[in-house]
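I'd like to ask you about the structure that follows.
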Amino acid sequence: MVSITINDKPYQVEESSTILKACQKAGIDIPTLCHHERVKPTTVCGLCIVEVKREKEGKEESSLATSCNSNVKEGMKIYTDSDRTKERRKKAVERLIARAPEVPILRHLAEEYNISIPAEGEGCILCGLCVNMCEEVVGQVVFRFEGKGEERHLTAESDRCIACGACATICPTGYIHMDDIKERKIVHSELLLGPKSSIYVTSMQAVPNKPVINPETCIHFRTGKCGICSQVCEREAIDYEMKEEEIEVEVGNILLAPGFHPFNPEAMAQFGYGTLPNVLTSLEFEWLNCAAGPTGGEVLLENGEKPKAVALLHCVGSRDENFHEYCSRVCCMYALKFAHLIKEKTDAEVYNFYIDLRCFGKGYEEFYKRLLKEGVRFVRGKTGEITFPIYEEEKGKLVVRCEDTLVGRIRRIPVDMAVLCCALEPPEDAEALGRLFGVSRSKDGFFMERHPKLAPVSTSTDGVFIAGAAQGPKDIPDTVAQASAAASQVMSLIMKGEVELDAAISQIIPELCSGCRICNNLCPYTAISYDPNEKLSSINPVLCKGCGTCAAACPSEAIIAQFFTEDQIVSEIEGVLI
Amino acid sequence: MKKISIDPITRLEGHGKIEIFLNDAGDVENVYFQVPELRGFEKFCEGRPVEEIPRIVTRVCGV
Amino acid sequence: MSFEPKIVGFLCNWCSYAGADLAGTARIKYLPNVRPVRVMCSGRVEPSFVMKCFAAGADGVLITGCHPGDCHYHEGNYKTIRRYSLLKRVLEQFGVEDDRVRLEWVSASEGDRYAKVVDEFVKKVKALGPFNGTKLLVK
Amino acid sequence: MAKLKLAIYWAAGCGGCDVAILDTNEGLLKIAEIADIVLWPVATDHKYEEIEKMADGAIDICLINGGVRNSENEHMTKLLRAKSKIVVAMGACAHQGGIPGLANLFTKETVLNRAYRETPSTENPDGILPVQRFSAQEGELIIPEFYNTVLPTAAVVDVDYFMPGCPPAIHQVAAVVDIIAKGDLPPKGAVIGASDKTLCDECTRPKEDRKVKKFYRPHEIIFDNQKCFLDQGIICLGPATRGGCGNRCTVKSNMPCRGCYGPAPKVHDQGTKFLSALASVIDSNDPAEINSIVSQIADPVGTFYRFGLAASYLRRKRSNEKN
Amino acid sequence: MEAKIAGKKIGVFVCDCGANIAGKLNVPEVVEFASSLPGVAVCKEYRFMCSDPGQDLIKNDIKEQGLNAVVVAACSPRMHENTFRKACEAAGLNRYLFYMTNIREHCSWVHEDARDATQKAKALVSGAVLRTAFLAPLEMKKVKINPSTLIVGGGIAGIQAAIDLAEGGNHVYLVEKKPSIGGHMSQLDKTFPTLDCSA
């Protein structure tokens, strides 16, 4: 440890520490602009200037040093606010503010040292943080300085850029910023629905409540560099080498509950999702409402203000010939919930655009009556489109055009925000799951139950069950009911302890089998094996599912597909041809 | 007109019948030798792969 | 009265038979000429069944099964495609018109498709007239 | 015990089966020892009339080789059935139509036309075709009627035993003669002189990977003499043909089997059964690729139904078209 | 074929299914036709074969008439094959000596002309009867069930089922694609109609 004084107060500091760090540790604030602890100091801005006095050959010398890159020494006396320091700092602010008038810290210092702030400036203060960040941390070396003296400027090879956003976050003046591909304002950019960094905890109630790394956006996985998160984690819990491992489990029953996939409303251009501001999907609106969300539960527009009128559009993608004919069953009710929440949190006018209000469940109709009392407006008519304002009173708003079938007129209703109640689609990997577990799918793509009335949670494959939205759109009470139903069916099988195998399986007759092995590769369940010394093939009765494909191929009729034998089918053919 | 028929002719390959017609004097008026056998090899070899023909036409006569 | 073809239809239990059931529950009307024979998988249908149908007096044979990839036994219908392809070549050499034997994929949810397949196939076989191959036999 | 009365007749065959009997060499002595031959056109001078004069069932055993191609074959087959206690359908032709059965791919007219008119070496300016009745001055001449379709013996008369093979292997003929001599014939309708398992059982060629990506005709490939033909994409009917022939083609002569020993015991239609087996081992699931693989087979019916066309379910090509 | 059928004593039961079948098909005509088929010992029509009295009809005939095969012409086997198999088993007949043919979804419900439908029904019954000639008794095998369960999907449905099963003392593997379970429900703040939390 080293003993020094800061503003004439004594401190003990580690040797390797810089003056800046020592002062910060001591709670003394030193303004910095081009400093970032993850990057080599570039000492360009000069704001972190301090006066340093030291004994040298019995004389006290005073000098000015950039605290960000000078190390502390024994007996050093540091003055952060001496006249000399302030005078040098003032010059630095004048130079910097000329180039970047918007930077908050510079405006603050300019007031302190009453320097005039120019209207606009170049923006880049040539601090080089972006260059070092991109080189040391990201490893892509996109930025370089070119030119000398006055001509010195920043150049970038954009094709090397991996759009990780590190330079934008570190740029002190905001000169480097990220644009959306479609050059449109990201919905709620300040609110940034979704994770900010590549390592994040999915939500407050996440189980397990651990952060995860998104390999697509994490710089380390993309360029092998960075690794800041592992450096800051004291428990050293981050291991980039962790790979997925395949675990094999033996189970008796399988329950498929992969849920649903929300319909992407971009396919319905007329609603302007992704192009018009303040047009959200229902899940985005849920996240807006969530206390743990970006706005702490407040219903806010993009610009942060409270909406005065909100439109809730039912049946987006549902009950629609071009997209999904089926009704997604849950949207009406959660739209009513949204209406209530909006009324509760803002004094906005709420419009529900519906075809039929399907409040079928217990306490649902009463909930709807309650909303009528709360003054929610219900417009009977599917929305035609959300469009730009034309008339004076629509200025700055979204205009919802729809045919109000009860009034019999086309109406134009200006609103500040529109929430699209999107359809529930089958999960994206439904086809793969279906193939893997032998579950067929009905025409609308959801999993097909064995029988719509008599067996809603079991499938045509014994031991494989389905529950929840994957079997068809349904709300939480129905989902929970189905989940428990499926669990009970599984439990009854487990309690029975054994299951009777259908005896309609295939069998090889040794006396007729010549060991020609034609059948060996035909069985998807590898139930057929060949014994080289006996020169016979045989079928494992437990594995055989009785499809009969091998029996159809056996050239010597040595394989009997029981209950579907050659004689039985041939005689049935003769029978049906009377 | 008297007729003697030798049916079948034997100790040779294939079927055959000889019909001898005698006149009143008992001398041979006319003789007909009938060979009724036809299999159709000339037709059904059409369309068969050339390399299989030796294994087909050997069955024209096995003697 | 006009010629009414007799057609044997092989229906796989999991898909086309269920599709036919669905056509029933939906009361979709279609021609009665196809007589269904239930098999567990289209892979169980042997070419000799098709030959037997014609020998026993059928005028057409319809084989149906799950769409490739959807087979309840994962690969059964692939074998059906293989056998059907070779059978078609042999039937052609036997002088059996191409339209008399058909392979169609009908899933458990395609009741309307099953009805359409049956109607189309019956019309085609009717246009071809009776099979009676066995009658022009000896003499 | 009294000597058996034995009749050996050839219908629509080639006489190869009769030669097979002769080839048993000492076997002939055994036959002579246990039986008196009452009819054997290729070797003895018995006439049809003698058979017609016999009482029904007078003949103890009758070996008929050759199917029914014309009216004489039919007449003699039915006559011998009436006159014999036991009728054995000997050889592929009697058992399942044999090579002559391939004529079922054509109609009677096209066969006659080809044979008597179109063949280059035939001079028949007037295009005369054989007629069943011809009245010469001396009297009327009748020759057997040429049928449109060949039938195996069992399709015309009730056959007691079948002895497959084209020709039946010599050791099998000898074995049958022994069985007859001892009189311990199996139950009626059995196939004698052959194994109940198909050729692969006795074939010495190891069978590994039943996955065929391409079919080859024998001249399109230098095949491995030790490995199984089918594994190498060469069509061999071994899996669908009864064993017992001693693998004289597949092992002794390095040639793929063509199915002359007929179908396995429980199979009705050998050609179609083999078709199913062969198609099942095509190693592709894509219809287009499957079609291209299948098109590599030169002559499916001519190969799968080489000996069994007449006994197959359809028996013949539908003859209402011109072919 | 005749030898096979000769030893058979087949019971054929044609169901009216209320009006679902009898409304279109001439059931008595089908019954009369069926009784003429070889090997058929008993041939009856009944209003609801799947009902208890219907099943008793089968059980009694098996016992009294000594039937060694049963054919039921009614609805889809995917619905009631098991029901009738159990009925046969209860009467001592092996469940695989029973065959069912569908004259409802495949006949009465889908054909306009009653005569055509009846003719097709006869064909199906004749096919079934001839098929029973070759039916052979088979024994079911019993196989132990592995008590652990795999649940694919960690949404509310998967979690609920997992809890139910786990509390029942069974081992559960819950597999979830995303880093956290909760699915869509965890993204909801309040849920209707009670507007309580979704935790």
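Each chain carries a letter (A, B, C, D and E) given by its place in the written order, and its residues are counted from 1.
FYI, contacts are C-beta pairs under 8 Å (C-beta built on N, C-alpha and C of every residue); 3 or more make two chains touch, one makes a residue touch a chain.
Bear in mind the structure is a predicted one, so any value in this text is a computation, not a measurement.
Novice: What chains do chain D and chain E have as common neighbours?
Specialist: A, C
Novice: Chain by chain, through touching neighbours only, how many steps does the shortest route from chain B to chain D take?
Specialist: 1
Novice: Which one of the chains is farthest from chain D, going by Cα centres?
Specialist: Relative to chain D, the chain with the farthest C-alpha centre is A.
Novice: Closest chain to the protein's overall Cα mean, using per-chain Cα means, please.
Specialist: Taking the mean of all protein C-alpha atoms as reference, the closest chain is C.
Novice: Quick one: report the Å distance separating chain B from chain E, using the average Cα coordinate of each chain.
Specialist: 65
Novice: Please compute the C-alpha centroid of chain B, do the same for chain C, then give the distance between them in whole Å.
Specialist: Chain B and chain C have C-alpha centres separated by 47 Å.
Novice: At what distance in angstrom does the C-alpha mean of chain E lie from that of chain C?
Specialist: 24
Novice: Can you give the whole-Å distance between the Cα centres of chain A and chain E?
Specialist: One centre to the other, that is 46 Å.
Novice: Can you list the chain C residues in contact with two or more other chains?
Specialist: Chain C, residues with two or more chain partners: 18, 35, 37, 46, 48, 52, 75, 79, 83.
Novice: Which residues does chain D have that touch at least 2 chains other than itself?
Specialist: 105, 268, 273, 276, 280, 299, in rising order.
Novice: Which positions in chain E touch two or more other chains at once?
Specialist: In chain E, residues 123-124, 127 touch at least two other chains, as defined above.
Novice: Following the definition at the start, I'd like every touching pair of chains, please.
Specialist: A-C, A-D, A-E, B-D, C-D, C-E
Novice: Which bits of chain A are touching chain C when the two form their complex?
Specialist: Residue list for chain A touching chain C: 434-435, 438, 440-443, 448, 460-461, 504, 522, 524-525, 545-549, 551-553, 561, 564, 566, 569-570, 572-574, 576-577.
Novice: Which bits of chain A are touching chain D when the two form their complex?
Specialist: 511-518, 520-522, 535, 549, 552-558, 566, 570
Novice: Would you pull the chain D residues touching chain A in the complex into a rising list?
Specialist: By the definition above, chain D touches chain A via 196-201, 207, 209-211, 238-240, 243, 264-268, 273-274, 276-277, 280-281.
Novice: Over in the complex, which chain E residues touch chain C? Could you list them?
Specialist: Where chain E meets chain C, its residues are 76-78, 102, 104-107, 109-113, 116-117, 119-120, 123-124, 127.
Novice: How about chain A: which of its residues touch chain E in the complex?
Specialist: 202-203, 205-210, 212, 249-260, 262, 283, 286-287, 289-291, 293, 297, 333-334, 336-337, 340-341, 361-364, 366-367, 427, 433, 437, 451, 454, 467-470, 475-476, 479-480, 482-484, 486-488, 490-491, 493-494, 496-504, 541-542, 562-563, 565, 567-569, 571-578
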